[in-house]
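Next up, some structures in structure tokens.
Look at the two complexes coming up: chain A is in both, with chain B in one and chain C in the other.
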Partner chain A sequence: MIRDSKTPYWLVGITGLVFILLYGPIFVPIASSFFALKQGVVDWQQPTASAYVTLVSNEGILVALRNTLVVGGAAVVCSLILGIASALYVNSGRSKDRALLQFIIFLPFLMPPIITGLALLIYFREIEFDRSLVTVIIGHTVFVLALVYRTLLVRLQSLSRSLVEASYDLGASGWQTFRYVLLPNLTSAMIGAGILAFALSFDETMITLLVTGTDNTLPIRLWAMMRLGFTPDINALVAVILAFTTLLCLLAARYLMPRES
Partner chain B sequence: MTTERLLLELKAVSKSFGQTEVLQRIDLAVRDGEFITILGPSGSGKTTILRMIGGFESPSSGEILLDGADISALPINKRPFNTVFQDYALFPHMTVAANVGYGLKVRGVKNAEIETRVGEALQLVALRDFAGRFPAQLSGGQRQRVALARAIICRPRLILLDEPLAALDVELRRQMQSFLKDIQREIKTTFLFVTHDQEEAIAMADRICVMNSGHIQQLGSAHEVYYRPASEFVARFFGDNNLVEGRLGPSSGDRRRIETPLGALVCAIDGQPHLAAAPEGAAAYAVFRPEALSLASTGSSEENRAHGLVTGLHFAGAHTLTSIRAGGHEPVNLRLRLPSKVEGVALRAGEAADLYWRPSECRLVLK
Partner chain C sequence: MSAVLRQSGAWPARIAVFAYPLAFILFPLAAFLAYSFFWTEHGTMSYALTLGNYQRFFTDPVFLPVLWQTCVLCFEVAILTILAGYPVAYFLAGLKGRKRYVLLMLMLVPLLMSYVIKIYAIRSILGGNGVLNRTLIWLGVIDDPLTFFVFNLNAVLLTLTVLLIPFAVLPIFLSLERIPRNLIDASADLGASAAQTFLRVILPLSLPGVVTALTFVFVLAIGDFLTPQMVGGQSGFTFGRIIYSQFGTAFNWPFGAALSVILAIMVIGAIAIGTVFGRDRSAGR
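== the complex of A and B ==
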């Protein structure tokens, strides 16, 4: 840990301890996924990749992975379209209904997921909408929309209002202004928000559990596997999900951080 | 290339934002081909006028006429005007050429023609070699010129400029002032220029419209606004004017007397019939510029004279501004602008001074 002369030792010590206690456990399953398991105990003497071999040969897990990617991709597309539309609307003026819309979009993100999930479940049952991957996609879109919307709104607000005025002033229509002026300036925010939304969707469990039909996503599959007993491929699956989510977050940060000009 | 033909007319235009009335029944006529400047302190409503002409705001009441037809309801993108924004509003993701060509592109002009006209426009603002650069790679003055090229390429009837030089440093601002003036002469298009800078307005405009708190205070040539102020506000707005309060006396022809603590002063009132008509005894100010005052040799027979003590000298380069306390038991502070000399000006602090100024350089404004 880097320590400059002004940082006292005790502060470095506490920070280090917090780091190890809170974040250390995350690395245990990753490490142990590369070792053999004997009678439920990790044998640190025997490095092996067998857990990963089991994982990729497991048909159920591959199907779950495919479902996860389909749900994530669809939720990203839906939330981006809805996010742009609502961010443009909210940014175009100031009124009570705009404030209300903003609040409603944030609600599912702030509420416990179990409430969102239950609400959706009851709603789908009331309108007799069969539970499937489609309902999972709807659930995930509702959940990640707040994040996508917020990211796009912040980018929109950072653009000078006179850019839009200049476009109209030069004779452009509303659509041309969106297509040639706003959209190009939103691209990096859209990519960043899309990746973050995908990462959120990728390991979303609670809402999925409630609104899915017979289809499994990766986290649901993991959940089901754990109930049957602790097997080496669980460690491997946790490691894979963790690595993938981290990668997505790093990517998103690259697009969302303000660039040095 | 000013003609008397009117291009644009504002008729009794008012604008309120919520409870705040920022413009009150404005009447303004813009002549075809002129360089008109709207000058006023911040909050005077000058930018609101520009934004209503551009279509960015709509008037709360009143009419805006283009060639005699009301355009109040016409959307921004249908008005034959283009704007140079205060922050330039260049599209950051487009090259200089794409920025300048934008107005043609959205109108569906053919690529080959866009290329030719962008070349011409960039030639005009001396930025031909910068076509492939992005706005972030340009200096403030260059961005300003790109914004201008982008505004003129669509050949608008009127170009609106919203304090476009405010962000530039002094030297660059001077250059851009004469540059804008030259361009305006060359393309023979009407310019409506908004600024809060008196010197800038005087240096550039054919006509100046002085605004204060939602009203037009005076509309006239730079010379008129400077030497023949129509109100106390205008008189105080330009530089270190001397204003001496008094009561109007009798008039004779183009002259009118005013009784002040300095004695009776004779002021010119030609071209201002309302001053000839004002009743005797009405409160008014005699207004004369610091550069109009001269040091009198004893025995001079000028009509407007004052005697006082020098209270301060402020060296300001080419000129030295001198404060003089004049008059008897009701002393009046006068300011006198003298050309600076290496050995110092003719006066020193504490000395007595005799001053005079010609009636033709002394005007009246009603209180």
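== the complex of A and C ==
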């Protein structure tokens, strides 16, 4: 649907307003992170970067940052391996068990995160698996797997069947076909999905809150700090995280956007 | 590898791909369902099956009203996001070329930003001493801070609406985009005014997208416990928050599991209704 008559002003107005609603709030902490705080009120006369200095020297935050990166990296690797195996399997034919596999993979994405988190929490307790960063990694993998799997499946389906057939006809083994024919065609989808999965893991809070033991990730640390109130170092941390996530989004978009011909 | 996977009878391949989803998705969900039929007393678990948790949910005067209140709240959120999101989707669908995808991307970028950060940012605006009240006082609109949106259910409503608007825009945009241009031209050729074309052609054809949006937003809102925890204050109790408290302060896991099963049933119900009324093959995911 493309109209060519001119757009009414009120429509532009509402759209502008919605964009302000979406982006406006996040500028409040970012802007105030550069100013001093006096008795809980931002003093706009006193620009300072002291919040960022305290941030870098805050041990707890640095540990949380390291944990977040470890969890994100591990979840990306696990979900890519599982995603590619499942996508290849589902794409290789049609059967009831393939539909079932896809359904199971999609479940954590359909259910509210609180249910996925609680189910894992109960399960880990019953199998007596202590909560640690490992359980967080498992939880994140479960959560991002649907997205990675879906992205890779779509890319696989867009590849011509004759590619694989030609490879077999030329005498390549199954592994060689995967390594030299399918994998190169999947690379950009894998990178894009990987970045997106990392971004999701980086921000994941609800599942993490439930399955983590004593280890903090950055959002959990942030969550704990925020309950105490509005402080400059939270604002600085918020600004840093937002800058990082925006960068990830731009990167992911580069790899996943269809190329313009 | 794919040769192995090609034969549907290849058990090693099947086991390899099924192992993780079974172990960490299906089994936990099964354990969780089973838990809702157990019970606990003074910190000791009993694995004898009981319907007590469900019975408690239906007979206790607290839980049903909170569930109902939460459903109403989430429905209101869904309506608000659609009222805000429809015009945006309509505007975007009317744009040409690159501009509309850039704007659509900009609409979706906030989804990848940290949920906690967004709640925190909105909280700093809504508080009694927040940016909104200060601005209004500074402008001279009001003399004393307004309180109707300070850390109560209204604050939850506003926050969820702002957070979830992109989920309403996307499905509506997709359904609008799919309306063939010639239908709109035909309507104009037959003498319909712009308003008539909108009401009789565009709106009905975009309804599946609206229903999908409604379902999306409702499902996401009802499962959220961070937002009410953060901006709900003392009075803003929602179902998600009650479930969360069963695993924290109240420490009654089986009862919490039963409440979550009820939540899951609500979600499945909402998705089912959405699928029936939103028959629009590919809108959404």
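Heads up, the rule we're going with is that the second predicted complex is superposed on the first by the 254 of 261 C-alpha atoms of A that agree within 3 Å, B and C clash if a C-alpha of one lies under 4 Å from a C-alpha of the other, contacts with A are read in each partner's own complex, and residues count from 1 in each chain.
Following the convention adopted for this analysis, a residue touches a chain if its C-beta (ideal position, glycine included) is under 8 Å from a C-beta of that chain, and two chains touch if they have at least 3 such contacts.
Here the structure is a predicted model, which means the values were calculated and not measured.
Enquirer: State whether A:171 touches chain B only (first), chain C only (second), both chains, or neither.
Expert: So A:171 only meets chain B here.
Enquirer: Contact-wise, after the overlay, does A:163 reach chain B, chain C, both or neither (first, second, both, neither)?
Expert: first
Enquirer: Just chain B (first), just chain C (second), both, or neither: which does A:184 touch?
Expert: In the superposition, A:184 touches chain B alone.
Enquirer: Per the contact definition in the header, classify A:69: touching chain B only (first), chain C only (second), both, or neither.
Expert: A:69 contacts neither chain B nor chain C.
Enquirer: Check the contacts made with chain A and report whether chain B or chain C touches more of its residues.
Expert: C
Enquirer: Just checking: does A:134 make contact with chain B only, chain C only, both, or neither of them? Give me first, second, both or neither.
Expert: neither
Enquirer: For chain A, which residues belong to both interfaces, chain B and chain C?
Expert: 168, 173
Enquirer: Provide the residue numbers of chain C that touch chain A in the complex, in ascending order.
Expert: Touching chain A: residues 1-6, 8, 13-14, 16-18, 20-22, 24-29, 31-32, 35, 84-85, 87-88, 90-96, 105-107, 109-110, 112-118, 120-125, 129, 131, 162, 165-166, 169, 176-181, 184, 194, 202, 219-220, 222-226, 230, 240, 243-244, 247, 253, 256-257, 260, 263-264, 267, 271, 285 of chain C.
Enquirer: Show which residues of chain B lie in contact with chain A when the two form their complex.
Expert: 54-56, 75-77, 81-83, 85-87, 89-93, 102-103, 105-107, 136, 150, 154
Enquirer: Would you pull the chain A residues touching chain C in the complex into a rising list?
Expert: 1-3, 5, 7, 11-12, 14-15, 18-19, 21-26, 28-29, 40-41, 82, 85-86, 88-89, 92-93, 95, 97-98, 101, 104-105, 107-108, 110-116, 118-123, 126, 138, 141-142, 145, 150, 164, 168, 173-175, 177-178, 182, 196, 199-200, 202-203, 205-206, 210, 219, 222-223, 226-227, 230, 234, 238, 241-242, 245-246, 248-249, 253
Enquirer: Write out the stretch or stretches of chain A touching chain B in their complex.
Expert: Result: residues 160, 162-163, 165-173, 176, 180-181, 184-185, 261 of chain A touch chain B.
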